[in-house]
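Shared chain: subunit A. Partners: subunit B in the first complex, subunit C in the second.
So, the complex of A and B:
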């Protein structure tokens, strides 16, 4: 067995194995630490900015002025996320989209694979949705019935295209032993390039200068129910929540889910127990890709109304969501809401306080960094007398794997 | 996977390449009016044009430096997929420092100071990554991803704080160095002896990396630290220190690559979307995988990928309307195809795993 295989399997197995309480504590601690480090970043950036455009938040003799008050920034961020109907719609729009991409990453993680390619699956799924709806629209009646048919077609095609694109790295790993981390990253670039070229050369909206398809008909776009703000539909959010429940049930309550999880935690044992590991790899990556593709479909049908170049990095944010959620489909819901709120609030901190909205990007990276190092919190816990010194389960894998003895990585 | 299996896959790959060449020749014989011959002539004139080769070398700088860094980190047992982030950090730092030092019009000296600070920033970021991976046993893939995402957020954030927008104003770039006499040599003179200093640095770094990895004790430690850390530990070399060295070298090289792109070529920091680095760190990873962890091979692959970039610009100037995005995906497709055929047998055995000496 090559080293890399066991590496990722081991890391993922560890992440999956850690007990639920421990996972939640680690996620909360990581979040807290990110907020603290983010506050320091805000303080320093306020110092770099000085002299301040308005009254400084604090002046320390010798050091100079600090323009931003981190507590105020966070407060405005939070208030901004839920403050007005419009902001709430932005928050929930992002939450909805992150539900799909977060679930996509979580499913692959559970199967022992790191799908960094959700972004590509989403981009191609979105293109599939946009084109299929445009093609089918002329043959169905306008209005509610036509809308329902078109949305169904769009979701199905989005899922199919995303699933196909996700199955490729799954098959490459299963049958050619190609590392899925590398292939999914590469296929992101390939997907974006293919979609861009297809649209710019073949399917471009003739009436537009930018690279985008024509708009799908109004009645094929998800209605702005409840909040009444274009770009967010409660239907999609409810669908996303239902999907989270469904994925949880599939993983927990079906034999496919059992096969998927055991191959993720203990591939050799799963194989020994009669699971076709290769087939499971392909099908779980296809499922993961399909979820990403549905995310793309919802982006087209709810947000953009068309495929356009420069689709936001929802797939990468899905990785953050899934990692923060401990790759638990139910945990994806609060994690998606959190990052949705950060998105909604980021626009407000830029508008009200002139703090660049990219701060949220920094927080996103910090969260991933801290969640990746549970050992740090465990050591800190032990030092301050809160934890016990049980062996590390989270990153170096508590469960020794068959064939792992010759890795030389673990000396005990 | 056995060695025989790999060599069989390599033969398949060679066979596939041969088939494509044969198909092209057949097309040429059967359909003399095809566009491929014209393209081949253009290609041939390009690769003999010193200006073109020179510009390709400048485009190679960030990719190849990232690749060299990735080789040292991964060979020592720490997979660093945060190279893209390190390039972003150093590109941003170099421009920010240069613009601050020179008040918008930095001198050559200011640019070199900025270059040094940028490399230092990248090394510090790599140190953070190393501590997280080695001391706190973080998952290397996730931590590497975090390095990239932090850089992707931090650089445009800081740009907005400093310049009020995600792009910096343009500044001067490093002057080319011309070696007297040698630069008069036909073709090789203008390419190799009348070039940007970052290009000289790259050529030296490639040779030095190859020598270090293949001919020195340190190179053997790096190799052992990734392949069989226990053996290295047994002979009394501290695996942790070797891995720190490997990761810090990846920070050093990526720092030179990022600052080399910003100060040697572009003269501006562009922070929108994927930033001015625009996937060059990822292409660097593909380059060293393609080059099979050999610095010379990685340099060759980086040169090849950079030439595609330059080629597409030239072809458009010559009136061939090939969609640039389509040419842009060639490196990525290449790597996927190569991985599909060769698998990943060459990855160091213990790469990605935490090593615990069991002493503390």
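So, the complex of A and C:
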């Protein structure tokens, strides 16, 4: 209850009541703190390793040697993320893809559903894109016009396939009361299995040993526009940013979004307000799946140029991105960028420094843990009714969530 | 004899507001004292200060003439102050005796184990001493709300309380349980226990208390002798102006049937039949009231009528049109307004601000969302109009609805539903938890709608409310409408009997509305 005066209660209450700006500041502070803690971890792991294989970064009399320089590690991480055109492109490539999957998870979350199935929606969306582009390509002219048509077809088919795959667990939940966490996880396996089987048995590139489709035509791949590095297209990034804005607007500015958010936070009130709960479940999961499917389309059209087995776990990373963003579509943008930067940066550390790969993983994990935890606890705090706003106290100093301090017959 | 409790100049500020402004309160030992006031008058805050939950910004708490400082409720309990909150704090799966001794368990084996036998015996003795009927071995989850409340009282007494504070103790009780509770008060007072209870119901304060202190806007506006005061005087003290306690109502002028229910059967979530063949024909320009002890099928009936629950059989008609198979949304569109029983689960989205809550139920109408795009500017104006017209406090459309007190939440819901310009209004406990001034206002608006020829179905467990407002009054018992009576001629005793499922000989039943022409 909100009148909890314990330290934990106050801390949770503070998080729940934090304003948007406070939440951003909290995230930044957490990021800073994670760097400090990470630095200590780097120092200690360097000390544990001593004597160092190469020249130690510092020696303290009596304490021993410290092999790794934490400042250097973080500096290389930063440089690795943004330091060169190539590094920047790697970072932005990951950012772009996570934008789509992060948005996918966020939409489902806002509707009160935990979509673990973005990965499956992405895999099948990617397959749909690859196959449809290959299928349409012979009938359109090569060059710019053909490229525009093929990209449009690919994106549409990717969204449609992903949306269909997302709607299945939505319908299972709405009409058969099946928990969407379970069904989406299972459907991930089904999706991967279907895609793998279809490609290996039917659509396999005859010139290749691995399970992959043929490449889509060069002109159907998204152009770099800037940076000039293959695998990253500014067009896709701008599209992703626009999509984040669009999703935000749909949630905030449309009747559909209102229904979706109301169902997400308080299903009983949504029902009272005339929201068709079942329809909303299916449609919001379809929207979520469609966003995942677009992610798959962009993966094919920007990164891989074909469907191939072993698509990276972008869908799962999207879950963390979404939590990091507080399930806010606009917040997904910085969260995806942070993830992208960590990905780009940690790749370079492994090349440039003698720091072991596992340690870089620890540093990445620390950043995610620190930045995600305040939001995570905030969500938990809301769920368990912590926090109350100033105006509450302003009216009667009571416990509003419990029905108002002086509120009489609140229950029979 | 010095006062058992003396609060001297208590001031408690919260950001932006003074909840208690130099409040003095003196309570004699062995007396029953009612703390009366509207929602937000500062009653609970004051008692939380006495109980050590809040530290006052000014003033002193005296117990038995000694100034005391309570930093936590623990200190207050040790000093003999016990508080029974509105929401009970019992462990459902433990027995009543275990709950009562919790924190003060009698021990055996050198403190290693709880002496259950002794606990049961002590609880039994305590219970007998005050005339409580509490079985020490019953699990709390299996006893009625009234008994749970007694367990709370016994728990405070077991902890050594001499001063008992009860926050809205009658809110959760049936009329019979209320009467029993007041007898308990007398027993306790006879044993020199001091009782302070918070209420906003005039009648209860007058019935149960020796003295009544009225708070308004955080100030003590007067302490009166319960035997020497009148309802009118108390209402005026509470509100600060004269209040009309009786709603002004001209004779009904009923028209065609606006809301018809025929042979309706509804089961609850567990599959138990709660509504067993109910027929209602509420007419335009009429308030059709439904009285009954809570839990006799009223909730299920209302949910089936409003489209939240699918009936097993029977029909629901709005303006002669069969809407039994229509969705909730279609019924809203057909002109049905609904003040739900549970405002925090149904009526408001607690996380949303009032602007967004003002849209609930209208989010698909062309007025607010033409082409599926919400017109936030208009929505905001709409919410602000409701806030202004229904005096919702704080008057801030950006306030999260969870931050409002219960009474203000209710006012906002009522305002929103009436603003729909409905043809049929289903009002379920419309004034539950609302203060006197707002009750008057909500009643007036309901009667305005009746005057305008709308159909009103009013469900309430407050007898005076249904009796005052209704033109015909149906009584529900175990899922059946046992009788429809004339509320002006039926006596409270007759109603009581009907609610208990018995049929008094000369109940003034009426099938048709008075003055109604078929």
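What we mean here is this: the second predicted complex is superposed on the first by the 284 of 412 C-alpha atoms of A that agree within 3 Å, B and C clash if a C-alpha of one lies under 4 Å from a C-alpha of the other, contacts with A are read in each partner's own complex, and residues count from 1 in each chain.
Heads up, the rule we're going with is that a contact is a pair of C-beta atoms (placed from the backbone, for glycine too) under 8 Å apart; a residue touches a chain by one contact, two chains touch by 3 or more.
Predicted model, so just to flag it, every value in this text is computed and none were measured.
Colleague: Applying the touch criterion given at the start, work out whether A:236 contacts subunit B, subunit C, both or neither, answering first, second, both or neither.
Modeller: Neither partner.
Colleague: Kindly classify A:256 by the partners it touches after superposition: subunit B alone (first), subunit C alone (second), both, or neither?
Modeller: In the superposition, A:256 touches subunit C alone.
Colleague: Now for A:298: first (subunit B), second (subunit C), both, or neither, which partner does it touch?
Modeller: In the superposed model, A:298 contacts neither subunit B nor subunit C.
Colleague: Contact-wise, after the overlay, does A:194 reach subunit B, subunit C, both or neither (first, second, both, neither)?
Modeller: After superposing on A, A:194 lies in contact with subunit B but is clear of subunit C.
Colleague: I want to verify the contact counts: of subunit B and subunit C, which reaches more residues of subunit A?
Modeller: Partner touching more subunit A residues in the overlay: B.
Colleague: A:356 in the overlay: touching subunit B, subunit C, both, or neither? Say first, second, both or neither.
Modeller: Only subunit B; A:356 stays clear of subunit C.
Colleague: Return first, second, both or neither, reflecting whether A:183 touches subunit B, subunit C, both chains, or no partner chain.
Modeller: Only subunit B is touched by A:183; subunit C is not.
Colleague: So in the superposed three-chain picture, is A:376 touching just subunit B, just subunit C, both, or none of them (first/second/both/neither)?
Modeller: In the superposition, A:376 touches subunit B alone.
Colleague: With both complexes superposed on chain A, which partner does A:172 reach: first (subunit B), second (subunit C), both or neither?
Modeller: The answer is first: A:172 touches subunit B but not subunit C.
Colleague: Is there a shared patch on subunit A that both subunit B and subunit C touch, and which residues make it up?
Modeller: 3, 392, 395-396, 407-412
Colleague: Using the touch definition from the top, list the residues of subunit B that touch subunit A in their complex.
Modeller: Contact set of subunit B toward subunit A: 1, 79, 81, 132, 136-143, 145-154, 156-158, 160-162, 166, 228-231, 233, 273, 279, 282, 285-286, 289, 323, 325-326, 328-329, 332-333, 335-336, 339-341, 343-345, 347-358.
Colleague: Using the touch definition from the top, list the residues of subunit C that touch subunit A in their complex.
Modeller: Residue positions touching the partner: 12, 14-17, 19, 37-45, 48, 53-54, 86-87, 168, 170-172, 198-201, 294-295, 308, 327-329, 331-332, 338, 340, 342, 344-352, 356, 359-361, 363-364, 369, 372-374, 376, 393-394, 396, 399-400, 402-409, 429, 432-435, 461.
Colleague: Touching residues of subunit A toward subunit B in the complex: what are they?
Modeller: 2-4, 6-8, 10-11, 14-15, 41, 45, 48-49, 114, 116, 172, 176-179, 181-183, 185-187, 189-190, 192-194, 196-197, 200-201, 310, 316, 319-320, 323, 356, 358-366, 368-369, 371-373, 375-376, 379, 392, 395-396, 407-412
Colleague: Which residues, counting only subunit A, touch subunit C once they are in their complex?
Modeller: It comes out as residues 1, 3, 5, 253-256, 258-259, 262, 265-266, 268-276, 382, 388-398, 400-412.
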